[in-house]
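First chain A sits with chain B, and in the next complex the same chain sits with chain C.
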Partner chain A sequence: MVSFVTARPAPQAAGTVCSAVPVGRKFLNTHTKKQTDMDPSEVEFLAEKEMVKIIPNFSLDKVFLIGGDLGPFNPGLPIDVPVWLALNLKQRQKCRIIPPEWMDVEKLEEMRDLERKEDMFTPVPSPYYMELTKLLLNHASDNIPKADEIRTLVKDIWDTRIAKLRLSADSFISQQEAYAKLDNLTLMEINTIRAFLLDTLNCMYKLRSNVQ
Partner chain B sequence: MPCERKPMRYGHSEGHTEVCFDDTGRFIVTCGNDGDVRIWESLDDDDPKFITVGEKAYSLALKNGKLVTASSNNTVQIHTFPDGDPDGILTRFTTNATHVTFNSIGSRVAAGSSDFMVKVVEVSDSSQQKTLRGHEAPVLSVTFDPKDDFLASASCDGSVVVWNIEEQTQVISWPLLQKSNDVTNAKSLCRLAWQPGMGKFLAVPVETKVHLYERGSWDHVSTLSDDLLTQPINVVSWSPCGRFLAAGSVGGLLTVWDVNSKLCVERQKHEKGFTVCSLAWHPSGSQIAYTDTEGCLGLLDGLGTSTQVAAKKPAKDYDDLFDDDDDRLMDEGLSDTKSPAKKAVGWDDDDDDFLVPATGRVKNRGAFLDDENSLDTGSLKLGQDKFGDNNDDAGSSVAPAAPPVAPLRPVYEGPMPTPPQKAFQPGSSPAHLTHRFMMWNFVGIVRGYNDEQDNAIDVEFHDTAVHHAMHLTNSLGHTMADLSQEGVLLACPSTEELASKLQCLHFSSWDTNKEWMVDLPKGEDARALCLGQGWAAVATSTLMIRLFSIGGVQRELFSLPGPVVCMAGHGEQLLVVYHRATGFDGEQALGVQLLQFSRKKRQLISGEPLPLSQKSYLSWLGFTAEGTPCYVDSNGMVRMLNRSLGNTWTPVCNTRETCKSKSDHYWVVGVHENPQQLRCIPCKGSRYPPTLPRPAVAILPFKLPLCQTTTEKGQMEEQFWRSVLFHNHYSFLSSSGYEIDEDAQNLSQKEQQELLMKMFALSCKLEREFRCVELAEMMTQNVVTLAIRYASRSRRMALAQRLSEIALEKSNQMQEEEQEEPEYSSTRRTSSGQPRVTNILDNMMSSKKSAQLSSSGGKPSKSPVLKPLAPKPKTKVPCAESVFKQGSISRCLCAFRPKTGFQLWLEENRKSILADNPDLEETDVIKEAMGRFRTLSTEERLLSNQLKLFIFKNDFRSTDLNKTDK
Partner chain C sequence: MSDALSDDGSDFNQDDTQEDVMTPAELIAKLEEAWLNEKFSPELLENKSEVVECVMEQLTHMESNLQRVKKGDAKASIHRMEIDRIRYVLSSYLRSRLQKIEKYFPHVLEREKSRGEGEPSLLSPEEFAFAKEYYANTESYLKAVALKRMPSNLQTVDMIKAVPEPCLDSFVFLRVKERQENILVEPETEDQRLLITVDPGDIPEIKTAQRSHQEACPSSSPFIQNKD
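Moving on, here comes the complex of A and B:
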């Protein structure tokens, strides 16, 4: 029989930082050094709420959780569950994970090429593509065909996007713009640059005001 | 015509190579990408002589001691043969020549080039050139007409052109080939070949076929093809006698046809499957040398082609005799083939046209052969020449190899019998695959691997709680498998030494022996097998079904009326499908038997025809998880047994409707009735899924093919009948002694009644009162009262009147049943003396339901009893009373509702009930409730008919209860 984890393990920081709210708040008080931006593990935590298909190898009636009902689990029959549960079951060898549709070499290659071609950010297959790739490939690479290629491709897409992000940040600063519009950015991408960018802007503001 | 394929040997470095024999046949001469021409004394010659002709040699031709090569320096040069001294340059092009060839006497050379030109040059005087212009792309190949009038060339522009050499004009041009921009990009080298001798035919390789064009008329007279040829033919070459045509294809297939009969007389495969780019006949016609694009040289030896003519002289007389006979028969046969029924035989019109003029010359040919016989010449060459001269005759006359009997067969135009489909295991992919599913059912998956490295079987369970995965080496060569919660059953066909074996891995056994094996009697092969609960069945080639217990005890055996197609087992049921007769015109004639091995063994379906879609065959057979027989045909139609309609088969789903493309299929792996799920694997472009990547199961909904399901009425009707069909299994299960999930059954009944009520309301709205009454007849009594209220509220008093009659009828019926019940059940119980072992199939119920049931053991339900009660034979009256009491209690929830119907509409009947019913307490309660209800309902009647919605949305039972409480 399968015993479910009753509480979903949260990242260490999640206890102190309300993971969803600070996005807005941080913009307001970025000068307070204490309030750093979201940790990658926190973003990952959010990503774990995404649904993924698994094929369970056990049978269980519906389970009633705060986040919603899951199941019933029929052996051999695909079912959608959140990533955190899928990984937990996978670690206990209770299921096989079916990779999301976009996690496919051909589709990712197309996406990579498009990303390289376009100057703007292209829409990503999933708002948590990086996190999901990392999570699924780390824990269930045996269920994902061509795992290594997928890892490389997603890294390529990520690198291209981060490079674009740096470029646009650079032009933003050098042209002294007041605002910039960036579409199709994922949470993880925003968080990789936020701390650095905002601190830099603050510093530059201070320096400039001192000069005048 | 068996021939020996000599092993390939290295000839040149990788790239295009060409090969030819010298005039005497002593040497094989090849040229290749390394720019060398090699002269091999035999295939085993390890130190061939070589002549370097350039950086690369594209083509070579050899005749009369002159070796002509096309090399990379854009020239066509001559070397002496066999010495290899340069003998001048014949001609030049602006780019390299692609193909060079001699005419039949060796006086002229034709060369085609990548600069779109074809040149014809006199060997003796290279200044005498003729240039043929007109191609619009590089020239692929050139060939001379043996009479030297014409020249044929093929080009990358897709055309094959016949030129008049003298006039340098195009005689005819056929657009036959795929266009390309260069020789290296061309799909095929398209090496043309003109029949030696009279040059009657020009052979042109077009894709996977060879077209033959007739000289002069330039008509496409016939086509040579072979089913095994799947890739384009690169090169064709006539045997020196002109009777056989050899072709080498891109995939490395070498094919030799007898041109007269158009039959393939020899097929050989290149040992590595490399593309054959050149082939040449030995002048004797007994060998073919060929080279591939990887630079290797090969040889086919022992071709019995022209040697038949020259070498088998002693047998010739008899051969001729038979030839004559055959030919004469042929004459007679031809008149037959002229009859309108030509299509029935394998000869097409071309053949007939081709054969008719030949008949007149048959005798001549016989004479010619006799002549040759009497000449008794040892010289092969002479014979060849003679043969060549008469080629026109020989080529068109009927050869002994032709099947002249074919047109003689009496022509039958009626329905043709269908080849009966082979036995198969439902849920398996075909046995010829190296990696295949041997079984996929709701327990697990059995995969078979049979390649060079491994011959193994993997067993995997969907639910790992059943058993862990297993890996077995398949040393016996099992081809069939079935899987259940108790064991794995495997069977292999017999071999020359070993008998057909049945192996069972009985992993659920509690002793230490988890395996048993049984040899079938000699000459008996296992064809199909299945596992049930506690038993196994094998259908064999002797039209028998053998039953075994799961532990290996042999049980009953019985004969089948026909060869088995497949079997399925579930619980105690065995479903067998077999060939009932021969099907015609693509139909299969299948029969089905359904047996039950419970305490009372019986045959539920005894050999009735199995309905299939038109021109389809059976592709899956099985039971739903709940135990209803079910099958799928190759047209994707899923049919299920309808036990409530005299064991008929109802189509419940057409999987092809959900397919995106025509070649997509769904591979069914399981059917569930509750919840209604058709579990299947979508297969893109095939009927079977591959083992890797691991296919995922999809779920399809069921849909009865009722009319007008787009309308609300049609939809509800479909839902209703589907619900009825998919809940048949409750009554079957309870009648065969299984415990059932009562909650689910009640839910389904409620659903059906709700649907009926909705349809009733819809018909009311459409003013179809007759239809309303029809629907009411299908309702249960409780719902009829609701319907009455609905009708009266919507001011249809006539309808309400009729409905009340129905309600009365139903209540009467119910009472009769109630009174009959005790006797019925008591007799039943006495007859079923011993206590029944409750058999619980895993999928049929959840554990909590069984607990509930056992706790309320005495509470009877509508279905016949599940738990045996102690028989009370003599005290009949108290027994009946007690049971009735129980019955009335069981109906206490619903009993008063029918009575509200009486009290509203018929007072007298209540009195009769009172008289019948001695239990006053209960009736008092009911009476009270009725009174209250009457007042309530009159109040309600004053309300607007907005209550419609209220009725639909609320649980009928609960609303009623609430009202009575008030």
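Moving on, here comes the complex of A and C:
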């Protein structure tokens, strides 16, 4: 679903030290992979820290994790756990996942319509709405009513937002603004445009400052 | 590397844990913030060795506890998963620092040299050793491969000039943590200056190396920190 995300520029081929010794200031620059890149899977990794409600079918005492205590788990009693644990338990068929409140066809339809109507970015229900939808629908679609409709709706919302993002990036560059306000954007959305936009801006900055 | 870490930092680490009343959860959040900042910053940020030490301590403690648990315990597998996640963040953080050191080593060492008394060090002791060794190895490699065959007047390389500097003028995304008024934003072309107010949660996009901005906004980020 997050197909835009993969369209990152391929890292440049690493030049070897000895072949490039001559002039140029960059002959030692063998590590050409951009550090400022973040892999989409790392954004997903962050999203997995979000809490989600599950109904376990086993019982277990409190677990004292480094990041906080979890449990106790009782069969049939809903409990909040991080998504990474929920998915693991689900895969081992030890729980049922209760989708977050916003993952609901009516609410998402409302959101989609609002998103299409407004020129600005509207607030999203979760800072990781895209990643969570993908994770939960891929691994627990049997626990989520109307999974296919939700998938389409979230994709619609995502597409609308990305189109807005591209549009505003375009006007940001063509009007040579010094800063832009990007409220309500999520990390994944920023990530789709980060490498491209920042590189562009850096290049243009270099070109312009050389002209003067 | 991990041995060196635990040997070296154990003294001040103990002091630290007495002063700080940070919960492990806050500690992990700190590590994650440092990780993201380091990832998105064009230059090397100051080292967070206390955080790294504390996280290491937590992990080794947890792992030694797990040694005693018998196999197939449901709790143990949950603990292991958490440890793996934290370890990933930790190594990704340290690795991205090492990559930057490799990329900018002469400049990193230069800054370390010109650092005043009492200023916090940019590098942890291990990173400093790594940078020095990397410098020496690069130099001897260049000498062995090419320089010694050059005419005698061309046998030296000025590393500072040979390796590109981190680009401090690059653009970044930043997320505002506290409300700040009158932040100076300089458009590139005109002389006019722009004052803006930012509220928590806003994500303005600004160029990094604007010193005035850096002072006005001491605490930026999950996305990036404006620190020099």
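For the reader, a short list of remarks on this structure follows.
Following the convention adopted for this analysis, the second predicted complex is superposed on the first by the 172 of 212 C-alpha atoms of A that agree within 3 Å, B and C clash if a C-alpha of one lies under 4 Å from a C-alpha of the other, contacts with A are read in each partner's own complex, and residues count from 1 in each chain.
In this text, contacts are C-beta pairs under 8 Å (C-beta built on N, C-alpha and C of every residue); 3 or more make two chains touch, one makes a residue touch a chain.
What you see is a predicted model; the values in this text were computed from it and never measured.
Touch criterion not met for A:105: it reaches neither chain B nor chain C.
When the two complexes are overlaid on their common chain A, residue A:180 makes contact with chain C while staying clear of chain B. By the touch criterion defined above, A:58 reaches both chain B and chain C. Considering which of chain B and chain C touches more of chain A, the answer is C.
By the touch criterion defined above, A:78 lies against chain B but remains apart from chain C after alignment on the C-alpha atoms of chain A.
In the superposed pair of complexes, A:145 makes contact with chain B only, with no contact to chain C.
Contacts of A:195 after superposition: neither chain B nor chain C is touched.
Once chain A of one complex is fitted onto chain A of the other, the partner contacts of A:66 are limited to chain C, with no touch recorded for chain B.
Chain A residues in contact with chain B (one complex) as well as with chain C (other complex) are 58, 61. Listed in rising order, the residues of chain C touching chain A in the complex are 24-25, 28, 32, 39-42, 58-59, 62, 74-75, 78-79, 81-83, 85-86, 88, 92, 96, 99-100, 102-103, 138, 141-142, 145-146, 159, 161-164, 167, 169-173, 185-189, 194, 196, 201-207, 222-223. Residue ranges on chain A touching chain C, taken from their complex, read 17-18, 21, 25-29, 31, 33, 35-36, 38, 42, 45-46, 48, 58, 60-61, 63, 65-68, 70, 84-85, 88, 172, 176-183, 185, 187, 190, 194, 197-198, 201-202, 205, 208-209, 212.
Residue ranges of chain A in contact with chain B, taken from their complex: 1, 53, 55, 57-59, 61, 75-78, 93-94, 96, 98, 145. On the chain B side of its complex with chain A, the touching residues are 442, 444, 461-465, 679, 693-694, 696-699, 846.
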